[in-house]
Amino acid sequence: MLIFREIRFHGRGGQGTVSAAALMALAAFEDGFESQAFPKFGSERRGAPVEAYVRISSTIIRAHNQVYTPDAVVIQDAGLLRSEPLLRGLKRGGLIVLNSEQNPSREDDNFRWICLPASQIGERHLGRPLPNTVLLGALAASTEWVSLGALEEAVTNHLASKGETLVNANIAALREGYGFITHAEEVMV
Amino acid sequence: MKKLLEGSQAVAEAVRLCRPQVVAAYPITPQTHIIERLAQQVANGELEAEFINAESEFGAASIVLGAVAAGARAFTATASQGLLLMTEVLYNIAGLRLPVVMVCANRAVGAPINIFSDHQDSMAVRDAGWIQLYVESNQEAVDTLIQAYRIAEVCGLPVMVCMDGFLLTHTFEPVDLPTQVMVDNFLPPFHFSRTLAPSRPMTLGGGSEPENYQEFRMAQFEAMENARAVIEAFDAEFDDQFGRAHGGLLQAYRLHGAQTVLLGMGSLMGAVRDVVDKLRDQGQAVGALRLRCFRPFPAQALTQYLSGVQRIVVLEKAISIGAGGIVAAELRAALHQAGNMTPVESVIGGLGGRDLTPEVIETVFQETPLNEKGATFRFAPNHVMPDETDRGDCL
Amino acid sequence: MKTNAMDKRDAFRHNVLTSGHRACSGCGEAMAARMVSDLIGPDAIYINATGCLQVFTTHNQQSAWQAPWIHSVFANAAAVASGVEAALRAKGKGTPVVVQAGDGGTFDIGLQCLSGMIERGHDVLFVCYDNEAYMNTGVQRSSSTPHAVRTTTSPPGRLSQGKHHLKKDVISIIAAHHMPYAATATIAYFPDLKAKVEKAMRIKGPRFLQILSPCPLGWAHDSALSVTVSRLAVETGLFPLVELEHGELTGVMRLAEQKPVEEYLRPQGRFKHLFGSKTGAVELRHLQALADARIRHYDLLDADTQWDTERAMQSARHGRGGYASSMPTSEAVKNDA
């Protein structure tokens, strides 16, 4: 069966948005898929809205175009919902992973919303309110597009140069994000 | 083993494997990640080279010129305005017949200033005397860079590896990085026959007069003519040793029985292949031809590949203001020279980073009348978002 | 490796810059280049900017250089040298690297590459043969051309007394990089020049020599007077011989007495328009003030100069060609007359 998925990450400069996309692509590649990750092309400015994209496919990815109709959107800063058209092109029935302390996870006519306080969780593990690995865990748990093991591997390799402490903290954040979803599902069952 | 690498990182690793002794560059988007990575490699001791932070691209090109003249293998990279600032030195490097290798992270040229990808920058220096190879993927960028040193050093000509800025340089995708042993087997150490050295003093870059200047240009042209066979042979040899080839001068895709062929360069050809597959599935006799080597222009190979084709469409990401499509014009001349009168449709698009999506490319394949009488080209249409998925409003 | 006796250049028997080149008679740059390259010898790599020296030594596939020599383009000699030096460093070789450029290739079009080369600390000696204009293209003004000089692009006329602006103080700009060694010299004082070249060759890192090299064609003086004229440039205080190490002034050649600038200006046709007119006399006074200001700045003289410090500096800063003054208007010229 042909698998082809596109994900769009939204965040602000400094939140690790591009890294999140790279980690997702690395994990998918680790799981045996072809994958591609790239930022929204342009200059880098701290605090400015940032986008990054991931493609995951069971066959070789040849195109180098932008992502227009993602299957999922990951939003690292809920505040961006007010200023940016974050859901543009999102496929009907698509997934939204939102970093939010207020909104409950829900399903509406068009989309599935997964909401979790990722900055809080991130702060607990990393000492800084970085939501990216937490949200990746939640994305992996709610889609099963990549395995938790592959994400852990990706984090370990990608952040190796930054030291073991940071790797471990990110893996803990990743696991809690993952557990947040699987635990919620268990409760629902 | 394949790894998921950012294009710039992959290229920097390939540069390291080629063992350059001098790297000089001036940062410019979207080339920066390449040279940042090289600077880090040198700082980590992974690459034993002199890393020179030039004061401008003009300086960077001059530094690699000096380094190669003194017998060192050298590398530089730039884009856009930087390439244009290098122009004087690019001609000089080629005229001095120095085997410099550089990466051009293709980007639009201002004004208006624009950091996104098209081919205007390298097209602007197409007559400088450099071999120009345009790559489609990051894997090809890595492989072509390794081939480039061998080509340059055998032909005595500089080589520009052109890779689309952002579209390749900033994209993570699977790349098979060769081992050092494999690269060492393919690429022998650099020995420059005209090295500046007191043991054998030579004058490089002296003056010439009307009675002999033209002969220098003829010799350069001849070397460029001979480079075609070298480029093809090394791509084939690379295939033998690494198990990958990239078409030498030209890469054909589903040309067999094709009545309509789209010709283009660089990363856009990935989407073109996808579109060819789709149209073939619909029963349309289409194919694609990727121009990998723009200089030397493979006129003969092109005419061979395109003989019997009924429609030829050239899609290119640069424009000659006042003339039109550059590749299209050269292709028309080549076909005409060979007595092939098939019209060449010239389509220009993707300028300043405008996305040539599969949907756009599909319409480029369709016959479209030129909007103006006497026009030699048309612009590619813009990508249109399908209505049912457009949720552009802010919440 | 085969060693060829002819390949072993003996510094005592072979000039690095050999005879038969095509310099003009009395060419100060040819003399200076021969002095410098013979002092350094053939075991060095020479990089030349575009200019007279490059043209008259490598005319039409002939070469007067008996050492490895390369010319690329006008502006990039210092960057090419940076690359050569980096390559030698990468290969573990210590061959000296020497750049030769004119004032165009140093003060103007080549300044950016030169600044980059010095800032990066390349082990290169950069020699500027300063003949105070673009002589190679037929005597056009450069930023090294002194105030009031006639060139083809700063011609005297009803509204002009030659070059309006001042000669760029390049040695201060270079020394401001706080590099190991920067000095000025002329062909008139060979022992001084020799000492400076030899000192420069003993020091590692970026080094700079500015050598005043009269051009009989461009300065319009008798070909036999090149050495005399360059001596007068020093004796009048217009071209002080100085040494700067790490940005600090460490040596000056002091003057026993100061000669009036007129002695230097008279033999040179490029100043001829200043003599015999009222406006010219203003410029002559100003040139004297500039010389006095230099002497006081570098403390070259025990005696007093013609102008006291304050007035000399005032004229240098605010006088004609000074940065505070504006171009003379036709109105001002009329009033002057």
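Letters A, B and C mark the chains in the order given here, with residues in each chain numbered from 1 onward.
We adopt the following convention: a residue touches a chain if its C-beta (ideal position, glycine included) is under 8 Å from a C-beta of that chain, and two chains touch if they have at least 3 such contacts.
On a predicted model such as this, the values are computed, not experimentally measured, just so you know.
*Asks:* Please find which chain has its CA centre nearest to the centre of all protein CA atoms in view.
*Replies:* Answer for the innermost chain: B.
*Asks:* Taking CA centroids for every chain, report which one is farthest away from chain B.
*Replies:* So the farthest one, by centre of C-alpha atoms, is C.
*Asks:* So, what's the distance in Å between the C-alpha centres of chain B and chain A?
*Replies:* Computed value for the inter-centroid distance: 34 Å.
*Asks:* CA centre of chain B versus CA centre of chain C: separation in Å?
*Replies:* Chain centres of chain B and chain C, defined by C-alpha means, are spaced 44 Å apart.
*Asks:* Give, as an integer number of Å, the spacing between the C-alpha centres of chain C and chain A.
*Replies:* 63
*Asks:* Using the touch definition from the top, list the residues of chain C that touch chain B in their complex.
*Replies:* The contact residues of chain C facing chain B are 7, 9, 42-45, 47, 54-55, 58-63, 65-73, 75-76, 79-91, 95, 112-113, 115-116, 119-120.
*Asks:* Can you tell me which positions in chain B touch chain A when the two form their complex?
*Replies:* 2, 4, 6, 29-30, 115-117, 137, 164, 166-168, 170-174, 267-268, 270-271, 273-274, 353, 355-358, 383, 385-386, 388-395
*Asks:* Can you list the residues on chain A that touch chain B in the complex?
*Replies:* It comes out as residues 21-22, 25-26, 29, 34-39, 41-43, 61-66, 68-69, 81-92, 110.
*Asks:* Could you please specify the touching residues of chain B with respect to chain C in the complex?
*Replies:* Residues in contact with chain C: 21-22, 24, 48-50, 52-56, 58-72, 74, 88-89, 92, 96, 196-209, 212.
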